[in-house]
Amino acid sequence: MTLVNPEFAEELEKFGIDKTLDCFNCGTCAAICPLIYEHFPRKMIRYAQIGAKDRILENYEDLWRCLHCGLCIETCPREADPGDLILGLRRFVIDNWRRA
Amino acid sequence: MSNNTMKFDTVVVGGGIAGLQAALDLADQDFKVVIVEKDASIGGKMIRLAKVFPTLDCASCITTPKMSAAAHHDNITIFTYCELKALENAGSGITAEVRQKPRFVDETKCIGCRQCEYNCPVYVSDEEQGGFNARKAIYVPFSTAIPQLALMDVENCTLCGKCAKVCPTDAVDYFQEPKDFVIEAKTAIVSTGFELTPLENKQQYGEGNIPNVISALQMERLLAPHGPYNRVLRPSDGMEPDSIAYIQCAGSRDKSMGVPYCSRVCCMYAIKQAMLLSGALPLADIAIYYMDIRAFGKGYEQFYQNSIAMGIEFIKGKVATIDAGENGTVKLHYEAQGNGGGVNIAEHDLVVLSLGMVAGWNPEGVCPVSTGSDAFIETVKPKIAPTLTDMDGVFVAGVAAGPKDIVDTIVEAGAAAMEASKYMVAMARTSKAAA
Amino acid sequence: MGQIDDDKREGKEAMKKLRNERKQFIKAAAVKMKEQKKVIKAIKEQIKDNPGTVPEIAEGTGIQTSEVLWYLASLKKFGQIVEGEKDGAYFRYELVETEQEEAA
Amino acid sequence: MEDEDKAKETTSGQKVGVYVCHCGGNISDHVDVGKVCENIKNVPGVVSVRNNMFMCSDPGQEMIMEDLKNGTIDRVVVASCAPSLHETTFRNAISRAGGNPYIYEHANIREQVSWVHHGDNATEKASRLVAAAAAKAKGLQPLEAFRVDARKHATVIGGGIAGLRAAKDLADRGIEVVLIEKSPFLGGWTAKWDHVFPTGDNASDLIMELAPQVLNDPTITVYNCARVTSFEGFVGNFKLGFKTQSPEKGEYEDEIKKMIESGKKPGEFIPFVGVSPSSGIPDASEEHTVQTGAIILATGFRPYTPRTGEFGYGKFQEVITLPELIRIIAENRENEPDDTLKVNGRDIKSIAMIHCVGSRQIPGIHEEDEDKPLNQYCSRTCCSAVLHAANMIRETHPKTHIYDFYRDIRTYGRGQEELYEDASKNKVVFFRFEAQDSPVVAKNSGPGDHPLLVTVKDTLTFGEEIQAPADLVVLAVGMEPNNVSDLVEMMKISEGVDKFLLEVHPKLRPVEVAVSGILLAGTCQAPFDIGEACAAASGAAVKTSALLGRGYVELDPFVAEVDLNKCKGTGACVEACLNKGALTLVEMEINGETVKRAQVNPATCSGCGACTAVCPERAINVKGWTLKQYEDMVDMIVADRIAA
Amino acid sequence: MSAQENQAKILVLATEDCAYPGADATGQAHMSYPENTYILRVRAPVMFPEKFYLDCFTKGIYGIIIMSCGVECPYEGAYNALAARIEKVYAIMRDQGLDSRRLRLTGICTVCTRAFVKEVKQMNDLMAELGPPGSGKKAA
Amino acid sequence: MYNPRYIIDVLADNIRKTRNPFGASNRTVNKWWKDTPMSTEGDAMLFTGLMYQLAPYIEKTTKQIERFEDTFFANYVWLNKYVPKFLVKLAFVFMASKKDKQPFNDILKSVVKILVKSNVDFFYKPKLDYYSGILLYDLGDNEGFIEHAKFVAGKLKEQGIKKLITVDPHTTYAMKVLYPKYIGESFEVKTYFELINFKAQDKGRQVTLHDPCFYGRYLELSDVPRKVLDDFGIENIDVRNSGKFTSCCGGPAESVSPALTKEILSKRYAELKETGAPIVAYCPICLGNLIKAGADVEDLSTFIARYA
């Protein structure tokens, strides 16, 4: 059970990410990602969309798997820049550590 | 003004279902209409389809009566195989400059017997049949074409003279020249339709180079009674496919392809084809990969639910890439979003791309009518007068003003005819008042 | 008579001119036609005695399966080949004996 | 009996001319045309047999015209290609020669003979088909396309956007119009919207562009508070009775109150009500009758009313429908707009919007009421309407968060996918559910001061259960057709299983119903958005214009005809008739006796011949296609003498 | 087909909106079929009384195929009325010892070329098997 | 997989202290220029960003950490407190030998040869040739990146440098896109292959270009080397995934998961191998990776320098 937190998307703007909710969850990024790892990166994007901050912090390691190769950005049918969102989430996580 | 000038009330640009319907609705009100068609036959895309949703009646059963009604109508003149050079309204009415391309066959003599085609020695890939079989270098476009006239494709002709020799009416004319003429009219209806989203727009879908990945329009031909194989076979080797997949939004709602809008018909035609396939190949597995199923029209949702009940599999997830597999199979990479899903690779015998629609005509340099960012003709009052363009006396019908299905196209064609006829009545009133 | 001869000569001249104008097309089409004749002959030869499936014909002639199918579909359209029995997932194709169809 | 038939026919000329086409070898390569001509000479009634390389060519047609003009022949048979190609050609040729085009019969010896058969049998078959055609031609009578006078007058029922559009279109085409609206106001549901998707047009602007045009047009008469009470007649000549009366107590109470409060005069737009015509609201009831040529039904829709408890509707006051939300949005704009949307002064920090309420219902999944079938259809407009509303809220009230619960987002139309994208850009959070796992709306006992909690199994989040606390739940209710069962009954038109009015064929005749002269416009037929409803209205208007424009309706001459010499008034034909009303038994005087006899109404007869089959006296036939003609044709097919 | 076999005449009643253009399409595709078939264009086959069919058999027609538009029939209700009538004809045929397979009701559309040929061929094969009507007086 | 948290901390710490991710001084790492005569004044500065120089260190490092991945030690390898020395100055531990460095140094010399042949007015100042800091950005340490970038840009600006000639995609991206975006400092950035300006003819030769992600997608420069090859009469046989749609070599994952890198690399190598032609790479990471995979691969610069 997850409680939605719509403010998280706004919070992410601080980390240079303003397209959190642009994604319409088509799954292209997950399928095209060279990592072929579960639902990555859409899973992380989805968590960001619904504001499941804890999930992101719990699963932060996944964020650093990303090669930042840009294939998902190139292919995204909505130009939602999934790869950049992952980078942004890395910044969010690091910020979280440093502030802790 | 040359003697090549003809006068009509309305010039209809494009003889597909929208143009035909608009022309008929005007002609039935006693307006004189001329249809200018770019292809060698009227009928547009619809005549190329197998069956149509949601009634599943055959497309030609609906199109041919309209085609022949237009062809035989006293108030309708049809020019096929024409290029529109200019369409303008200088204030005094519409002027259309038209160039009729040479058929190299005298249309007053040709009787459509196809002797020339039977005897021509050059085989040419028949695009009317999705390229799955051949026509000849001289040919009648298709069996229900109107007019039933042959035309020659000079790029594939060896000038061997066989066609001229066998023609019973001496209709072959190797020396035919293009004919230029001018049409003057009070109004124009633009019904220029669509083309499919080019396959080249999506590298991940193979750009047309992966065997057994075909377009939905090609599948229409495989399903059609006059089809190239007369049945559904895999084009790479003639195998009857056991598993067929549809890839939705393969040319719509995809900014990476430059087509951000929804093409509106693909969900329904994929479902329709899937149902027809499950009739033609009862043992085959059919899957549709989709993002949202858009079954919005009258009877469409019920049609969709029926297809689920028939066992057609719907998989939520946009296919990311397509690769060639072993032995002619096709591999799809996608993220399955159902329960316990994940990144998957599925293998199918035949894959159909549900390609979207892009504008069929670019008016730039021909006609000053505005287009939207989607390249379709802009309408100025989409809510209460949906067929009005920003050009005086010019109206738009059907897909020319954005993707739509046949039902909506036919209704809108009627609306365009209404607007055009009102315009002409008002014009007559003003000129009477002035006089 | 003289008039007809003149017309004929003029026609010939015009044809010659046209041939020259379309030289490139004619050349390409002729090459294509020649190749097609060869392929059609090979396919027909292959199924002369025994109807074959696309992969069988491809194997026998060394022509790609997709091309074999294209030719079979085309020859079928122009009445030279008919589809026969199904064999596994493939259909067999056979020659039409004469131009006179089966009704005879 | 059959002798009688023959006797009658001999009196009407039987000089049949037969023309056989070679079609440049297409026919003559397989059919021995000479032999066919030879064979045909023996057929009774045939006086001339000629052939030509191309009958369709000018010289070919000239042959026919020449023979007709000099009186050699008075019936024509051409044996050539399929009738679809040249039947009209030859009929026109006959007309040009001053003949009646219906004395023509076509024999198809190309598509149905020479292209499919070869050898001697082809020639024999061709001969028999030509002989059969000659036999049929012998029985042909000159026919006149049937004309009935049509009033250049149409009635539009329904004063919503579609009705207004249709009325104005018709008036512009010179057709007199009566517009009948059941409520006191024009504008229908469009008047009850604020800004409309996807253009953002102000609904009142749309109404105010059309309504004054309708009200000020001298050829349009508008009756509000009016209901149809009777209907009779046929295309071109309908008689419609209707009654105007002041609304009953409680009816349109809110709207009338709003009108009074607004102080708006007739002809002015009253927000969320519409436009009152100059007649105002009638005090007394009055009966009217109108003679009209065609009727356009533009009776519109009503939004689905959720059942009590459906997504908490009726149970929690915070659960409302989309039309209610649209009003709230407008009210917030009128009052000082705030960062947060307000309802009765209450801050709305989060809204949950739920799609497909009262649409896309699935038997076995959705609860079925006994008296009401499930709405299995998609209501087409709700997705875009929801997203448009969401965008308006997010853009004006950035502190109000929006959650959107959908099954499929159906932003199909031009400019609609952009609404979806804008909603995403506006940070609307989407959740997708399967029909069997609909969101559950409950009282929020958890954190925050939000009164409601929406729980959903979200397929976008891998099937996880997600909870969204909400201050307001908005149900995107679908469309249902307005109840017009009285009109359906009166006019004998059909409803589909979805209760919307049924067209003849969605593609062939999309705005017509089976009853000629009655047309459909807008949401009485199916859910549409405003633009689509207007297109349908114009589509219906153009058909009406074509129908009535000439002042008469020309009908196919192929209608049933009663032979009064034979009719005994059994009524079997009336029983079998598929177009109720096309055949009736009427009293008439024959030889001083009053008897009942069948009478055809040519305006409504479709010429199917269902009557022919059942008449025990062989007294009724479809003109040009009589049973006798078919019998004669069969005789020619089986006859010995044609076989050469 | 020999001339004698050609006596086995099959009557095809083809609707002008669907089956008749379907037969034309078959011709345009140059697909051959037995020539003992006589195609008559009809508006709607609902016009024929029971007696018409029975008379045809008496006159020497071997078999009849009614090719209608099926449920797409432009005359609402005509198809159902036709189907009901054909049931009656079958009953009479059985009474008279006529094989009811001599009369067939099918739906053929404007491009149903294969279906058209199939119907015709099947009926032809059946006629070859059954012989002339009334010859056997045996119910199948 | 290694815990990214520790890696980031180490790298950030190294860069802060030494301006170099491996904790080695730039002077130790950057020695290639010593026997290459170059002007110290000119129009544009050759700015290598030290990526090619660091490539052998990266390789050595990954070889070591690969041994520990997915073992009990994985998360402890990086722990500062347990092995502080090992950590802070990686370079001393995994010192790259001269032999390891040689091929990478040759690449930079080739670049110089190409620039000279193309008559480019350029200069080199080893002291100003800093690491761009891109790895910090990639790993999400924006603060660290910005701090370092400000330092680098400051040094360059101090010397009035406006034009840079870069040699690798990562540095190019950093200088061309990230510096203006994050610290508001803009340079006129060109890669060396955009400046090639001489003729050659080598008909019949075939190669397959492997595009780095940054050039192919982010910077959309992959058409430039193709044009150069084409002009030289060399046939480039593209694999399906190239240019905008190139496949990653796996390199970026190296610091956290060499195993992952290996997996992705082997897939990419299989794709490239299919053409049968020798591979040409133009990124130090890709190059190092492909060499590791056993590929017949050469850097674009050494390949082109052959004609210079």
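For this structure, a couple of remarks:
Per-chain residue numbering starts at 1, and chain names A, B, C, D, E and F are given in the order in which the chains are listed.
Throughout what follows, a contact is a pair of C-beta atoms (placed from the backbone, for glycine too) under 8 Å apart; a residue touches a chain by one contact, two chains touch by 3 or more.
Remember, it's a predicted structure, so these values are computed and weren't measured experimentally.
Taken together, subunit A and subunit B share the touching chains D, F. With respect to subunit E, maximal separation of chain centres occurs for F (centres as means of Cα atoms). Chain B has its Cα centroid nearest to the centroid of all protein Cα atoms in the structure.
The interface with the greater number of C-beta contacts, when D-E is set against B-F, is D-E.
Inter-chain centre distance (subunit E to subunit F, centres taken as mean C-alpha positions): 81 Å. Computed centre separation for the pair subunit B/subunit D is 24 angstrom, with centres defined by C-alpha atoms.
Rounded to a whole number, the gap between the C-alpha centres of subunit B and subunit E is 36 angstrom.
Spacing of subunit B relative to subunit C, judged by their CA centroids, is 29 angstrom. Residue numbers of subunit D whose C-beta contacts span two or more other chains: 84, 117-118, 409, 421, 460, 462. Residues of subunit C in contact with at least two other chains: 101, 103. Counting partner chains per residue, subunit E has residues 1, 21, 28, 30, 32-33, 35 touching two or more of them. Interface residues of subunit A facing subunit B in the complex, by the touch rule stated above, are 24-33, 36-39, 42, 74-79.
Chain contact summary for the complex, subunit C toward subunit B: residues 14-15, 18-19, 22, 25-26, 28-30, 32-33, 36-37, 53-55, 58, 65-66, 68-74, 76-78, 83, 86, 89-91. Across the complex, subunit F is touched by residues 15-16, 34-35, 60-61, 63-71, 73-74, 87, 89-91, 93-94, 97-98 of subunit A.
Contact residues of subunit F toward subunit B in the complex are 240, 244-245. Interface residues of subunit A, counted against subunit D in their complex, comprise 1-4, 6-7, 9-10, 20-25, 39, 43, 46-47, 49-50, 52, 78.
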